[in-house]
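Dropping the structure in here first, questions after.
Order of writing sets the labels: A, B, C, D, E and F. Residues in every chain begin at 1.
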Amino acid sequence: MSTLHTVNKSPFERANLDACLGHALPGDAILLIEDGVFAAMKATNLAARMTDAAKTFKLYALAADLKARGMDPANVVDGCTVVDYAGFVDLAAANSAVNAWL
Amino acid sequence: MSTLHTVNKSPFERANLDACLGHALPGDAILLIEDGVFAAMKATNLAARMTDAAKTFKLYALAADLKARGMDPANVVDGCTVVDYAGFVDLAAANSAVNAWL
Amino acid sequence: MKFGILVNEGPYNHQASDSAYQFAKAALEKGHEIYRVFFYYDGVYNANKFGEPPTDDRNVTRNWQKLAEQYKLDMVVCVAAGLRRGIVDSTLAEGFRISGLGQLIEAGIQADRLMAFGD
Amino acid sequence: MKFGILVNEGPYNHQASDSAYQFAKAALEKGHEIYRVFFYYDGVYNANKFGEPPTDDRNVTRNWQKLAEQYKLDMVVCVAAGLRRGIVDSTLAEGFRISGLGQLIEAGIQADRLMAFGD
Amino acid sequence: MDEEFESGVVKKFMYVNRKAPYGTIYALEVLEMVLISAAFDQDVHMAFLDDGVYQIKKGQDPMSGAGMKNFSPTYRALEGYDIEKLYVEQESLEERGLTEADLLVPVEVLSRADMAKLMGEMDVILGG
Amino acid sequence: MDEEFESGVVKKFMYVNRKAPYGTIYALEVLEMVLISAAFDQDVHMAFLDDGVYQIKKGQDPMSGAGMKNFSPTYRALEGYDIEKLYVEQESLEERGLTEADLLVPVEVLSRADMAKLMGEMDVILGG
């Protein structure tokens, strides 16, 4: 039993990521998509927190949404894995449930 | 020259109120409407900050939106004035510009 | 005083259109003038003539129509935003007209205050 | 594996429908099955046949229609959410059908995973 | 109902309510989902956290001033549909200065940690 | 254009961009407003703050993976419409780990305090 959590909102604008981090269980997967991908970047003032989160959870960011926004997939925080849509599908299949933090 | 700022989002969910408080000028009017009215309530963990804000800005909350949500207009923070829609219109007329923090 | 009103979101999903309507109504009742109501972004959906909310709820489109009729309001739907979303002549409710974004800028210039309601 | 897809927002204004489409496409290309795509809340606007986005942008409704045609997808628009917002028989794009919310619950039961995309 | 639903598949459904009522429609339309799901004999859970706790605040009156329908009585009707597993997050109440006495339906109050654990046991999670 | 616009009324317009591109349409449709407003000979200002600074990040490529139109070149075209007053908030850049070198158009970088002051001088403020 493990859950894939998706977060699609900017961590600077909304509380969705906080809510997700507050309710995901250790070992769960968290995938950042859409405006959620900003939270994956190394240089933001959230980076320390996200690097930390990547030790408790399996942290992912969607490549298409990083590239859309001009965010370099090479510059995500340590422990964050960049996946494509096929990888998103694999994550949904590999976890027993999906929780979209809308 | 003074501005009426409106904030229509919950302070617990979005950064709009923060953005407004960070850009309003001393003496400006701030009107909380829709889900923004939660920020006016005395018992929340933001109350001290809002009481403080009411010393720098003219703080208002819309009666119709408080009542809609079961928030007692008698329980808003000190310095916050509850107005009806006619009062909203008066505020818009009394200030030289309106800035909606959407 | 002359107000311009901008509605950025569609009916029901967000309160924006209701708030704009209540504000406009209060302003008119106080003797102010509404120079124009402009519908942009998803706000164009307010002009969809096919909407039929449950009878125990308000009808946002009808609220605007009635107010417009009573006070001769100019209600403009942005042509580009409408086309993108399928609010066009064949879906447009009575009382609304389709025109360009220039009508919004004009409202900003001509009105004393421009009031925006959105998400 | 069988996926159910829930689309909560309309086209263009939010990326939700695009994300859902890209996910569905990727799942199908990997050989998975899409049990049903259900459109709820403002998601019903994805089925508005009158939408015509600028030609240099994607057409979200057409994207869904093409995918549905290629893979025989069942695309269901919630009748109650649609009626409220004016997405009814006379505005419904080809490839979509209108039905009750029970179809979403059924998708939740029958699919191995239910994927929600929204605001 | 289709006969396939007599096959006896019972999943744990959770409706996660994290948004305030009236500012957006999600609270209302999630309720419509919940009511329909009652007909499918699934194991239905409703969770109220973050701004979702405002959905079940007593004393809502959106009609008189804001001109919107008051749908909050529906929460009281859920029991009649055998939807009785309502969970509210303690921390969410506290941040907003609310207590169980402010709520219009009987609920089970859970800590954030317990809410997280409960969410982790679900098969299908829907929200607005 | 109507003759009333030859009356010479010139107002200070500010387009406030506080939202990231692509997740929502506001950035794109605000740009359409801005382009139209150029025809009205008003005093146009564009402000980028909070997540709005992402709108003018270099290197956007929404087409190849996400399948959305790349409208960011339009910011570079603004100059041709005599829209040259672009302001970016320093604090918003810093919080996001961005610098002026990351931006695809020349801008004036302002402190939050100066941005607030500038906003206070406007007649009409529009955003998305």
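One rule holds in what follows: contacts are C-beta pairs under 8 Å (C-beta built on N, C-alpha and C of every residue); 3 or more make two chains touch, one makes a residue touch a chain.
Given the structure is predicted, the values throughout are model-derived calculations rather than measurements.
Novice: Indicate the lowest number of steps between chain C and chain F, counting one step per move to a touching chain.
Specialist: Steps on the shortest route: 1.
Novice: If we look at chain A and chain D, which chains touch each of them?
Specialist: E, F
Novice: More C-beta pairs touching across which pair, A-F or A-E?
Specialist: A-F
Novice: Hey, which chain ends up farthest from chain B, C-alpha centres compared?
Specialist: D
Novice: Taking each chain's centre as the mean of its C-alpha atoms, which one ends up farthest from the centre of chain E?
Specialist: Most distant chain from chain E: F.
Novice: Given that chain C and chain D are copies and touch, would you call their interface same or different according to whether over half of its residue numbers are shared?
Specialist: Mostly the same residues.
Novice: Counting in whole Å, what is the centre-to-centre distance of chain E and chain F, each centre being its mean C-alpha position?
Specialist: Centre separation, chain E to chain F: 40 Å.
Novice: Using mean CA coordinates as chain centres, what's the chain B-chain C distance in Å?
Specialist: Chain centroid spacing, chain B to chain C, equals 24 Å.
Novice: Centre to centre, by mean C-alpha position, how many angstrom separate chain B and chain E?
Specialist: Computed from C-alpha means, the inter-chain centre distance equals 28 Å.
Novice: Please set out, as single numbers or ranges, the residues of chain B touching at least two other chains.
Specialist: Residues 8, 12-13, 15, 34-35, 64, 84-85, 97-98, 100, 102 of chain B each touch two or more of the other chains.
Novice: In chain D, which residues are in touch with two or more of the other chains?
Specialist: 8, 12-13, 15, 19, 22, 41, 54, 80, 114, 116, 118
Novice: Two or more other chains touching the same residue: where does that happen in chain F?
Specialist: 22-25, 50, 66, 68, 124-125, 127-128 - these are the residues of chain F that touch more than one other chain.
Novice: Could you list each pair of chains that touch, in label order?
Specialist: Pairs flagged as touching, ordered by label: A-B, A-D, A-E, A-F, B-C, B-E, B-F, C-D, C-E, C-F, D-E, D-F.
Novice: Mind listing the chain F positions that touch chain C in their complex?
Specialist: 1-2, 4-5, 9, 11, 13, 25-26, 29, 32-33, 36-37, 39-40, 42, 124-128
Novice: So in the complex, the part of chain C that touches chain E is made up of which residues?
Specialist: Going through chain C, the ones touching chain E are 12-15, 18-19, 21-22, 54, 56-58, 63.
Novice: Touching chain A in the complex: which residues of chain E?
Specialist: The contact residues of chain E facing chain A are 16, 18, 49-50, 112, 115-117, 119-125, 127-128.
Novice: For chain B, which residues count as touching chain A in their complex?
Specialist: Contacts found on chain B: 12-15.
Novice: What does chain B use to touch chain F in their complex?
Specialist: Per the stated touch rule, the residues are 1, 3, 15, 19, 22-25, 28, 96-102.
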